[in-house]
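Chain IDs A, B, C and D follow the sequence of writing; residue 1 opens each chain.
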Amino acid sequence: MNLSVNIAGVTLKNPVMSASGTFGSGHEFADWMDPGKLGAIVTKGVSAVPWEGNATPRVAETPSGMLNAIGLQNPGIDVFVNRDLPELEKYADTKVIVNVCGKTAEDYIRVVERLSEEPRADLLEINISCPNVKEGGIAFGQNADSVYEITKKLAEVSKKPIIMKLSPNVTDITEMARAAEAGGADAVSLINTLTGMKIDIERRRPLLANMTGGLSGPAIRPVAVRMVWQTVRAVKIPVIGMGGIASAEDALEFLLAGASAVAVGTANFNDPLTMEKVISGIEKYMERHGMDDVSMLRL
Amino acid sequence: MNLSVNIAGVTLKNPVMSASGTFGSGHEFADWMDPGKLGAIVTKGVSAVPWEGNATPRVAETPSGMLNAIGLQNPGIDVFVNRDLPELEKYADTKVIVNVCGKTAEDYIRVVERLSEEPRADLLEINISCPNVKEGGIAFGQNADSVYEITKKLAEVSKKPIIMKLSPNVTDITEMARAAEAGGADAVSLINTLTGMKIDIERRRPLLANMTGGLSGPAIRPVAVRMVWQTVRAVKIPVIGMGGIASAEDALEFLLAGASAVAVGTANFNDPLTMEKVISGIEKYMERHGMDDVSMLRL
Amino acid sequence: MENKRKQEKAWVINQTEMIPGIMDLLIKAPKTAAAAAPGQFLSLYCGDKSRLLPRPISICDTDKFTGAIRLVYRVGGAGTEEFSKLGPGETIRIQGPLGNGFPLDPGFSSVMIVGGGIGIPPLLYLAKSLHIKKTLVMGYPSVTYLDEELAQHGNLYIATEDGSRGTKGNVINAIEENGLTADAIMACGPIPMLRALKQYGEAHNMRVIISMEERMACGIGACLACVCKSTEKDAYLNINKKRVCLEGPVFDAREVEL
Amino acid sequence: MENKRKQEKAWVINQTEMIPGIMDLLIKAPKTAAAAAPGQFLSLYCGDKSRLLPRPISICDTDKFTGAIRLVYRVGGAGTEEFSKLGPGETIRIQGPLGNGFPLDPGFSSVMIVGGGIGIPPLLYLAKSLHIKKTLVMGYPSVTYLDEELAQHGNLYIATEDGSRGTKGNVINAIEENGLTADAIMACGPIPMLRALKQYGEAHNMRVIISMEERMACGIGACLACVCKSTEKDAYLNINKKRVCLEGPVFDAREVEL
């Protein structure tokens, strides 16, 4: 049975990857599951310089979901390249997708240029959709022109294929996806989190220090499946689907919708074995439906 | 203790109402709860002529939520005015908000003009945010200019205060709210459903006959609270909040965020007594916090 | 307001697996039991908060004296899976009885009660309650269930798809093979079976009364999720649709399009 | 990969309400128990699918021989409410032990173990495991709990806010009233208490080791939800923050900003 998929010339042995920001720099989960089983490890967003992130509380639970406002805390590209990336050498069979964040186009460019020289970075995922930082982030991702502009700049400097990570907080996701494609993106990934808020009614203030946060988890899956379905039908580049995947059945919704690969985020917090179960569950489903190639899933 | 609120000159004895489309024309639930306890009954969307709605399946369950694609089936304004509206006479103490839908501006105008003559219609809620009909509906609600245009036209002909019901499927909800306000809306209500999709992986096709549907229920509450919070701070007209309210605690999140009133939809399907519990729970909370007027809730 | 109906917190008296994947659940819910009639259904609510919608399950039997209701259901998805774990003394939230059941004074004197698959359970209650001449025809994929109890209320004919018991084939095959006749048919089962029975009834000039299924959200007529197509404009809805939960689930087959 | 750690399905041995709102839960989880140390915590997962995030609960005691773990927790929100309903024989999904506990060979010879409110439970396990001179100081709003057991492991001083037992006031009042001294303080409780103890330690030249709390999502260092401010740049995170779940929950008070 062939589970392997090709994203922009890079072959993943299976279509399952971690969602950025939920899997640290790849090794934190290693005691609890085998990162080497994944098609790709997607690392936490990394920026040109270390970022402090937001004040706490940074997370809140919501019905079948959660809000986070981590604010892209990260040790900066130097530490990431010198320490975290080499750590991933041991999963030789698993591709590495580095998630990149920035406040300005120059920030992104710096990080992309730096990662272009790193053999262990197979693909770059550009986060233009984080709702939790004041500058940059989502600001780039909510307007087709700026999606196009930033994509174009990065595509020009990047020696690695780039995946533009799209925000669901838009009127028309296909417009953003087309802008990314036109700008030269090799793939798009979606969805990042939906902007949400929870109010602590006893303390009479927003529960998150940052006031708003990003909603993730099974709660948002129907929105994610819809956007992936639409995007697959709007662009020719591969679409990586995510948002609320907690089981093989959930992942299959995205693959049937036409996603080339899927990422699992919030569900890892509930059960670190989720991604392993997703991989084996996809296999079993394909077996049961007499499919010998994962590409046959697509409707 | 004063629970009454004023929406565009109309006084509701308490801030709790049914969400349109989840409460029929007001009397279907009467065996199971007392509609007369509500601040307002909001009726199912009604159009100029009878609408067939979509094919079935029209609903699907999702984690802490549901998708619906009813497609605004309704018996048309004639039957509504002659049969359903008089039925509501018996809840003399409870205001009636009639939800209006249409495919063209003329459709809306016809219904609004007709309802303008009906004493039992206290307020009109204009649904420009239904994701489940091909024409009209959400098409009016996802662009600030068309929100402004349709609002203006309806405000001109309506003798009743109008509430524009906004779609969450937009990049910036405040832009839509401001457009409604500029167009002459007396209030805005939000959120309608988020467009979503579920795929039946065994039958290998979208579960809903309509393919996509509207996501409602607790799953979307964080998005709704966030949008209400933002909208309250962007416009001067009252904001009616809804989306995933299933308890007094949930309703309080919206009231603290600044909503003038709240509506309960999907939760009625799980427990018809939800709205009664919400009303008494708000009272208890106010008591516990030493508040004697519901307006004190707002942060 | 007086006389309001309420969801009931029902107590599980007992639950067993009848045949693989089909559960036999006995609950105590006196108010609901008192009002129940054959063909009506209950909304069952999940304990798990991630599952909001009710599961409509037909009433398989009631004991008005003890206030017990029997439900027989297939474990398919997450909700029925949850229910299948309930043991004696545990509780389940229910709402009902809902919908319109079968006519018990139907104005004809003999009836064929026809069931297929998981449509069979409500027919036990019907067979028990209908005091005219009854012939029972039940179709199963293979393993039979409820058949012994059904046989106590009339001559029972069985069809199995794999031929392991009774007529090999479907209920129509069984009716024809055994040359069964009656004034009318009352049926519950999959749409293809209902469609075949409707045609059979038209061909043989028999009245056909069927119980329908559709996905529901409110179960009480308020949301318009559960409509089926009707041949005539519905008096209430003012279009050619009927609500399975309120006008149904039992319809005269002539009323609805299958 | 070998030697992977796994979530464990723990069996409830027993559960009682110690004092109103505070539960005493005994579970059997041999693998987790075997690895546990005082100050570490478990992630407890809800059965209800609408609640995804783990509830971090400190290990109050373990019996390595029987594989039992004792957890004492306050019923606050929906998750702990769910746990409080668990009876003998039922199961709960857990992950742990997590984080770094208290130093058991701390390099000083006397310690004041100070707890406040719901911070007290882990200190029982600590008091049991720490074999140096111990003085115990526990602060409660009013009703005491675990005090009899704690008293078996050292002199116990109690403070209650309402003065119903011991010193009226907080733990600092109790320390001062009783003129207690030690080389160091180990503490768990609300931030204001920890802050006061940190100052007290600085003033009296005592080392202060504290256990922190923060909202978590992964519990294993991957999501960066649970950070606290650190006085120095953390070697791993490369900023002035530390993860409560991984570098903590136990910190030298000098390391963190309170």
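The working rule: a contact is a pair of C-beta atoms (placed from the backbone, for glycine too) under 8 Å apart; a residue touches a chain by one contact, two chains touch by 3 or more.
Because the structure is predicted, anything quoted here is derived from the model rather than measured.
Q: In this assembly, which chains make contact with subunit A and also with subunit C?
A: B, D
Q: Report which of B-C and B-D is connected by more C-beta pairs in contact.
A: Of the two interfaces, B-C and B-D, more C-beta pairs touch across B-C.
Q: Report, in whole Å, the distance between the mean C-alpha point of subunit A and the mean C-alpha point of subunit D.
A: 35
Q: Find the geometric centre of each of subunit B and subunit D from their Cα atoms only, then give the gap between the two centres in Å, rounded to an integer.
A: Averaging C-alpha atoms per chain gives centres 47 Å apart.
Q: Using mean CA coordinates as chain centres, what's the subunit C-subunit D distance in Å?
A: Measuring from centre to centre gives 55 Å for this pair.
Q: Please list all residues of subunit C that touch 2 or more other chains.
A: Within subunit C, residues 49-51 contact more than one other chain.
Q: Indicate the residues of subunit B shared as contacts by at least two other chains.
A: 63-65, 217-218
Q: Which word fits how the chains touch one another: line, ring, star, complete or other?
A: Contact pattern: complete, every chain touching every other.
Q: State the interface residues of subunit C toward subunit D in the complex, per the touch definition above.
A: 47-51
Q: If you look only at subunit B, which of its residues touch subunit C in the complex?
A: Touching subunit C from subunit B are residues 21-24, 28-34, 36, 44, 50-53, 56-61, 63-66, 68, 70, 73, 75-76, 79, 217-218, 266-273.
Q: Please name which positions on subunit B make contact with subunit D in the complex.
A: So the residues of subunit B touching subunit D come out as 63-64, 218.
Q: What does subunit D use to touch subunit B in their complex?
A: Residue list for subunit D touching subunit B: 49-50.
Q: Quick check: in the complex, which residue numbers of subunit D touch subunit A?
A: Where subunit D meets subunit A, its residues are 1, 4-7, 45, 49-54, 95, 214-228, 236-241, 246.
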